[in-house]
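Each of the two complexes below includes subunit A, the first together with subunit B, the second together with subunit C.
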Partner chain A sequence: MLRDCINILFTALPFIAVPFVTQKSIVSLAQYVRVLKLFWQVTIAAELEYRVNFVIAVISSIGGLAGSLFGLFLFYRTDYTFPGWLWSEALVVLGIFTILQGVAATFLVPNLNKIVSYVQEGTLDFVLLKPVSSQFWLSTHTVSLWGLPDLIFGLVIVFYAGRQVGLSALDYLAMLPPLGFGILSLYSLWFILGATSIWFVKIYNVTEVLRSLLEAGRFPIEGYPAAYRVFFTFIIPVAFLTTVPAKTMMGRSEPTWLLGSALLALILFQFSRWFWRFALRFYTSASS
Partner chain B sequence: MRSFRVARTLISVYYAYMVEYRAELIFWVLSGSFPLIFLGLWNQAAQSGDLGFTSAEFARYFLAIFLVRQFTVVWVIWDFEKEVVQGKLSPLLLQPVDPVWRHFFGHVAERATRIPFILLLIGLFCLLYPEAIWLPTPYACLWGSLTLLLSFCLRFLIQYTFAMLAFWIERASAIQQFWFLFYTFLSGMVAPLALFPEPIREFALWTPFPYLVYFPASLLIGLPVDLTRGLVMMVAWGAIALLINRWLWQAGLRRYSGMGA
Partner chain C sequence: MPIIDVQNLRKVYPVAVKEAGMKGTLQHFFRRTYRNIEAVKQVSFSIEPGEVVGFLGPNGAGKTTTLKMLTGLIHPSSGHVSVADYRPFERRNDFLQKITLIMGQKQQLLWDLPALDSLRINAAVYNLSDTEFRQRVGELAEMLSIQDQLRQPVRKLSLGERMKAEMLAALLHRPKVLFLDEPTLGLDVNAQTAVRTFLQEYNQRYGATILLTSHYMADITALCDRVLVIHQGSLIYDGLLDGLLEQFAPYREISVEFDRTQSIDPATLQTYGNLQSLEGCQATFLIKSDELTQTVTRLLNTLKIQDLTITEPPIEDVISQVFATGRT
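Then we have the complex of A and B:
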């Protein structure tokens, strides 16, 4: 079962490599994919040494899920419903949130939270010397299997709730683009915050702030007061991470939201690349 | 007299250390914004129907939760785990002070450095929800602050007990994270306990979780709670944790094989 999951993980390789390939880069897409595959084979082999960790991850994931369901249930046990969201529809949002949590734990946390320590210890030098894009190296060189249970349980909830809402296979496919854009936005924000460590050095907790704000994505954005909605749409784009994919899935999203989600992801990603190059100009390495 | 001097020295040392990292502190304060998310949700919910709480009451409740959380933040397990795994505990064992006091006063000193940021956030809150401003009665002040103090001690004690497991396993903090899940959902951080279904509320009240957040917060804003039962529960859980803690500490030290031990 674990092995199947790992194989599925590897099918994601080309999608992850694509954004990092530009016309100017000397390394081709195929080479990026090969590098990525090597990175992951090594880290997965290392992680499989600690199988107990995986069991703990599964148990924590189940506990977290029970808690999330309980939190949502507290709202719906009275007659109150989030405006325009039935119980099963709100469940879809929760499922997508759980998937994103899994994605973050698998790909983002193990990589991006380490940028801080590279800067602090001066080992960033070794990364910069390598012939691949340093942003690519920093963002992808490890995966953590700890996030897999969240990914799987998130999918289970989405499919379960989707059946109750009466969604077709096509609806699930329609969700993929906004979900992909959401993940790209999330990654870019996270990376930008991680990159600020070039100046501040000791900022483990900036990403903690981001994480705690993302918790808002557990619930449909319509459940919040107006001021919160503005904040979670335009300042920390939580709405685009969970509510927009869920709405798209149920065919209730206007094209402008989808367009906004795509634009946001592309702009944030482009900004993260520019910001990283900008930040590097201020990097005073340990050896020079 | 000696212990008083030790405490004063440790507090002033750690206060100076914490002030050094002010910028980092702001982020730690902000990362406790979880109750504010639920404040928004419940505030909105209360406007559309009768839940037994008004919008202002929800606002007040979650502000109190936010405050309690700020004053009871504990991170001793991550520090202790590092000390054991990297062998840094060894030199500390040579000193004539139990290492726990370093951690404890470090936490206490950090509280003091947080206060300016917390006041700032309270000011912001008063601007946003002027209808929710309240003045605690003397009774609420007395018992609220006393239980707040107790719940900080209880939380510290429980986490320090988990930290002892670092002598046996490398990632004791994983256990803390699992514990934290229950803490999040049973401590009243997501909703006042009055809104829980009856059996779950009864169950929660027998666990230590509500006494870490809900209980002092309720006393501060004057929600009805069973004061005697709360105090008894806190003392009982504290005693259990203390016993296990000392026992694990003794057994752990015998097992400890860090550098220089």
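Then we have the complex of A and C:
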């Protein structure tokens, strides 16, 4: 089971490497994929040394999931429904949210929360002297298997709820682009926050703020008052992370939302790259 | 054609100034005042391919700042730097393939894993093929004699072994220019010697250019013919190591053991030169190099002497004296 998951992870490699490749040559893409593969092989080897950790991650994941299922159940038991959302449809949103949580715990947390210590310990120097993009290095050098249980349970919920809603294989595929854009947006926001450690050096908790705001993605965005909806769409784009992929899946999403989600992701990603270069100008002139 | 060329290199840092006390803290918070610190002032030098050059200076003299400008980690405030025909601060991939920076107090190897894992990552980053990787690791591990330790987690290695593994990781891409910042810091004498011998061998085998800073003069004397001395941001000496002694310590130490029948009077001894110590029949003088022959002849002719030795002052003392007085 674990092996399969790891294999699936590795087949996803090229897609993760693509955005970082600056020279549009196949050669450098191949090199990036090779580096990425090694990064992950090495960290997975290190993490599997500690088996108890993984068991605990599974248990905490089940616990967290039971909690949110119960929360959702409380809403619908009293005949309250999110406007326009059936119980099983809301469950899809919860499933996508759980997948995102898994993605964050697997890919984002272990890397982006460590930028701070790179800056503090000065080991960023080594990264900057490597002939690969430093943003790529900092964003991908480890993965944590801790997120895998969330990924798996998230998929289980989506498929379970999807069956009740009556989704086809095509619908699941349709969900992938908006989900991918959502992840890219989330990554970019997270990275931008991590990059501010160049100036503030001690900001271990700044990404926690982002994380707790993302909790809002647990439920369909229509469940929130209008003001909140504006906030979670335009300020912290939570709506694009879970609600839009779920709606797309159920064939209820308007093209404008899809387009918006793609635009947002690309703009945020480009901005994160620009921001990192901008931040480095300060790192390189301030440290001795 | 020099491989490292530096002209009028200058680096100015703005440093926030804060008065002591609560009032100062508040002022510091609301209206910060900055003072410019000139860490490196108009430094110029050039290094030919294959040279091993020592970079000396007390803490805070500007050594690390200069190394960081040479490797492209920081942007010079003004002046010209070129390393292997590249402008370092652009950090082009071709440039990064040609250089390396080894820092004695920082490490790049992954702590919990065998060094070999970190090496494989570096091989991929520098785009080495598997054959190249195996061959180079074999070769360097043999030169460093750490073949057996590469499979142990880095945290289980001794400081000396770790430094060797760090060097291996930093040299896997066979850089042409090596920058070393205190590579022997904290190592015991054996490990220091091993590192020196390795660097010497690496330099000879691959014709690599090496610029290193160290607080251990033994590193410098063993490796470098040429030294650069930087003090308070200015280059105060650039030339042969031997010349450094001539310029900053143009004197020799003469130790004399008198015959027991010789009456010893400090006042008369003072006339021969700068009397440093007098204990029983033993006396030491500091004599200017150019008066050396004359003084020795005079001593031998007029006093009954059993033994006489002439020594160069220890280079550590000379250096620290130079730094203490800031003489140029």
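Methods note: the second predicted complex is superposed on the first by the 279 of 288 C-alpha atoms of A that agree within 3 Å, B and C clash if a C-alpha of one lies under 4 Å from a C-alpha of the other, contacts with A are read in each partner's own complex, and residues count from 1 in each chain.
Here, a residue touches a chain if its C-beta (ideal position, glycine included) is under 8 Å from a C-beta of that chain, and two chains touch if they have at least 3 such contacts.
Just so it is clear, the model here is predicted, and its values are computed rather than measured.
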item: First (subunit B), second (subunit C), both or neither touched by A:Val209; value: first
item: Residue contacts on subunit A - larger count, subunit B or subunit C; value: B
item: Touching partner for A:Ile56 - first (subunit B), second (subunit C), both, neither; value: first
item: Touching partner for A:Arg163 - first (subunit B), second (subunit C), both, neither; value: neither
item: Subunit B versus subunit C as contact partner of A:Phe70, first or second or both or neither; value: first
item: Contacts of A:Thr78 with subunit B and subunit C, given as first, second, both or neither; value: first
item: Subunit C to subunit A touching residues, read off their complex; value: 13, 39, 64-65, 68, 71-75, 89, 91, 93-94, 96-97, 99-101, 103, 106-108, 110, 112-113, 117-118, 120-122, 124-127
item: Touching residues (chain side subunit A, partner subunit B) in the complex; value: 53, 56, 59-60, 63-64, 67, 70-71, 74-75, 77-80, 83, 200, 202-203, 205-206, 208-209, 211-213, 215-216, 219, 223-225, 227-228
item: Subunit A partner contacts - residues on subunit B that touch it in the complex; value: 21, 23-24, 27-28, 30-34, 37, 40-41, 43-45, 48-49, 51, 128, 171, 174, 177-178, 181-182, 184-185, 190-191, 195-197, 200
item: Subunit C partner contacts - residues on subunit A that touch it in the complex; value: 31, 34-35, 37-39, 42, 45-46, 49, 121-123, 125-126, 128-132, 281, 284-288
